[in-house]
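Just so it is clear, A, B and C label the chains in written order, and each chain counts residues from 1 on its own.
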Amino acid sequence: MFIRNCWYVIAWDHEVPADGLFTRTVIGDPVLLFRRADGTIVALEDRCCHRHAPLSRGRKEGECVRCGYHGLKFDARGACIEAPGLDTLPAKARVRTYPVAVKNKWVFVWMGNPALAGTESLPDNFSCDHQDWNYLPGYLHYGTNYLLIADNLLDFSHLSYVHEKTLGGSTAIAQARPTIEKVPYGIRVTRRVPNVPPPGYYRRMGSFDGNLDRWFIYDFLLPGTLLMHSGGRPTGDAPGDMSRAVRLHSCQTLTPETESTTHYFFQQSHLVAQGDASIAQIIYDALVVAFHEDREMITAQARNIALDPQAPMVPLAMDAALAQFRRLVTEAIAAERTTAEATQATDPAPA
Amino acid sequence: MFIRNCWYVIAWDHEVPADGLFTRTVIGDPVLLFRRADGTIVALEDRCCHRHAPLSRGRKEGECVRCGYHGLKFDARGACIEAPGLDTLPAKARVRTYPVAVKNKWVFVWMGNPALAGTESLPDNFSCDHQDWNYLPGYLHYGTNYLLIADNLLDFSHLSYVHEKTLGGSTAIAQARPTIEKVPYGIRVTRRVPNVPPPGYYRRMGSFDGNLDRWFIYDFLLPGTLLMHSGGRPTGDAPGDMSRAVRLHSCQTLTPETESTTHYFFQQSHLVAQGDASIAQIIYDALVVAFHEDREMITAQARNIALDPQAPMVPLAMDAALAQFRRLVTEAIAAERTTAEATQATDPAPA
Amino acid sequence: MFIRNCWYVIAWDHEVPADGLFTRTVIGDPVLLFRRADGTIVALEDRCCHRHAPLSRGRKEGECVRCGYHGLKFDARGACIEAPGLDTLPAKARVRTYPVAVKNKWVFVWMGNPALAGTESLPDNFSCDHQDWNYLPGYLHYGTNYLLIADNLLDFSHLSYVHEKTLGGSTAIAQARPTIEKVPYGIRVTRRVPNVPPPGYYRRMGSFDGNLDRWFIYDFLLPGTLLMHSGGRPTGDAPGDMSRAVRLHSCQTLTPETESTTHYFFQQSHLVAQGDASIAQIIYDALVVAFHEDREMITAQARNIALDPQAPMVPLAMDAALAQFRRLVTEAIAAERTTAEATQATDPAPA
């Protein structure tokens, strides 16, 4: 079960070719992307209505796609406009289209009722496309359900252990108590960690003799997006003095592929003023190492859960954010189901 | 669910060794083949009645097979005739036998009631063993249900797209409208494609300056055999003038291994008079390339179907043949079930 | 379904490091092993009570283990004694412990009710740690249920066929009729095979001109342990004259990992007086070859069973031992269930 009435990131903008076909499965639906002549992106169900072959194995013809199995041709609205040897086409000969939004290099698809696809719920991933910020884009595939990864991102106490030698570097991160607030579409987690050593790559972005006060302030938004301001500044610097601070912004998002697999898009931006392109590479490399640490742990956790899916977990205070987020997901799915049932119940009966 | 009362091709004749054991699973039953001294083939259930070890992991002893696990020996009628350390053997100590037929290099097994195993339903795969025809035998394993492959073979419009650069070469093939007739055990599909360029390997079998009139006339017979006359002759040659025609005959058959895997045996024969052994190799190589194209498409289609098994397909005119054939399969399975139930109902009650 | 109130071998003693963590899954439970300072072994559920991460991916801290995900620390009694950022811990914050016994280099865990974990049911694997005996320890992983492997070990008629060229060497082994007796926790199988050629590695342990009288006398004990005296002496030597006999002792045990996978620990000891270290290596190598023969056969058998799980087997006299042992397993599981239900039924109702 997934939320459908929401935007999922399906690709980085650069992944969709100028003149070709791109496919990725989102919440169990195979989705085809291609570009119109003006560069805007079309999203169609990547499953020919005829015999369910993936349209992505066919070819792009202008602003249409032709199925590579039996040659049906679909336009950008999903209508079948040609089938070899047929003079007329049944009205049902069409594939589903999905609303698309592109915002700051992220390509989103709306998997639910198109009438509800407002752009106000798009996340503010500004640092993915901003002159003051620089980053390298990342993608990782997971062999687990996305909620286990959301859990991970919603409890940064794991930085002290999973990433002890990479992003973390201090048990103080785990000991710090975050505050959690409700924000539109999700929750905000604020974790301040005073007086800790800087992680390795910080040293490339500033000259630090001693400890830093670090902060991690992020929104975690439905369906699974993390937007984070983080950084550190020398412990003891005057309040409000950011002159020696390292500042970072990170945009990460989870898109379920199936119940047991997940797409993970990520970046962590640094201020252009604080480092050249080599810094972006260093940060990217550090993230890749760290996110593989996460994936190994979460995959092992998933194996343990599969051994005994009914075994209870013991909730702890550090689970507050993940528990709240899981509740938001559950409520959103339940609300969609209620709406769907209400809609069916009030449909006028056929005369 | 599979049809049982029919002949399935289990092997090419040359695959069964003169003095050894051969195994292949047919509609979920592991089947052991070996040859008697006179070369005739025996088919036994490849599952020792004792503890279900495959007999094919044992050894042939004369016209018998000895299980390699605990040494039970079975004769060619499936009776256990020796068990080490036992003086008497229970009557139940036997494995099932399957009627075998060998016709034109194809080895068939009958998986249902042996009393019904008449040879009149064997397909006329004449070109597999005929002095005027030459070919190389092919085999491919599929990771999908066999009906998806039958669908493929029953709609040659796919030649224009899946095999655009190999067997096809013209969208005219897809545009041509085939005729479909009922024949014993199946249907006949006739597709004539006038005035199209010859595919590459045709050029090796004749000298063609211009286009050809091509034809594909095939019977598709239960449980899954294609027998096809195809060819082409220069467009404009006088009616009935076959002097410059390329003529081919193809025998292909699908044997389900399990619900999700399939054996595919195939050949395409050319007239000995139209080419030497190098032509057979060229045709074989072209088929292998093309049939891998099919397998990639069908495997991708099967993945899409698995993502949403309930999603409806949109039937089109080009599906007439596959829809008819699927109906024949469904009817045959239903008829077997009805017969089985009727037989049970009329069995005399125990006194 | 597995017996729980019994000792399962989880490891060879040398597999558990002096200062680190070791994990293996037993009857579906992931189990963590580590050593206290005095070298004794602790067994904990290898699943953090918090979010089910494997504790084995964390680190040992003194006689405690710290989870590598969020840093919970557990003592050797399974109690969570620290959680970063928490002042108090819920009483439920603990993981299960398992009674451990180490006997003659085998490490056992008791998977059921700890109150029942008496050591009287530990098998007498004396030759795993005895000055007069020498061996090399073996381990093999199986992709099948453990009972198929127990079946194999309970019917040595397979030696004549599966191990024809390795351990067996004569069909006389299969033809010999074993006697079967009930012993505490299992059954005893005695198989004497007079006047047969020695297997290859026997020749390294004595000088034999002619045939031997061989014997195999083993107890097969719940949950899956084989303890065997075997050997051979020149046919015709005076009764009771063991001066030229080869004597071996073997300890083998099956530990289910899951319903479809199994751990197999094995050794076969020779008398120190009958050979040096090179003999231990020769015997070990012979066992490894032979046990791979078993694994190939049993894996093929399991595939056949999976193709038709309902197909009946035909019981033969040679199955007496395996049938008795399977009955013991079934009875033990049923008895545990009855006890569990009785315990529940007599629990005082809450006031």
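Details
One rule holds for everything that comes next: a contact is a pair of C-beta atoms (placed from the backbone, for glycine too) under 8 Å apart; a residue touches a chain by one contact, two chains touch by 3 or more.
Bear in mind that the values here come from a model prediction, so they are computed numbers and not experimental data.
Comparing the residue numbers each copy contributes, chain B and chain C share less than half of them at their mutual interface.
For the two copies, chain A and chain C, the CA superposition rotation is 120 degrees, given to the nearest 5.
Put simply, the C-alpha centre of chain B and that of chain C have 47 angstrom between them. Shared interface positions of chain B, i.e. residues touching 2 or more other chains, are not present. Listing the residues of chain B that touch chain C in their complex gives 25, 28-30, 46-47, 49-54, 57-58, 66-72, 83-86, 90, 92-93, 258.
On the side of chain B, the complex with chain A involves touching residues 151, 155, 157-158, 160-162, 171, 174-177, 296-297, 300-301, 303-305, 307-308, 311, 313-314, 316-319.
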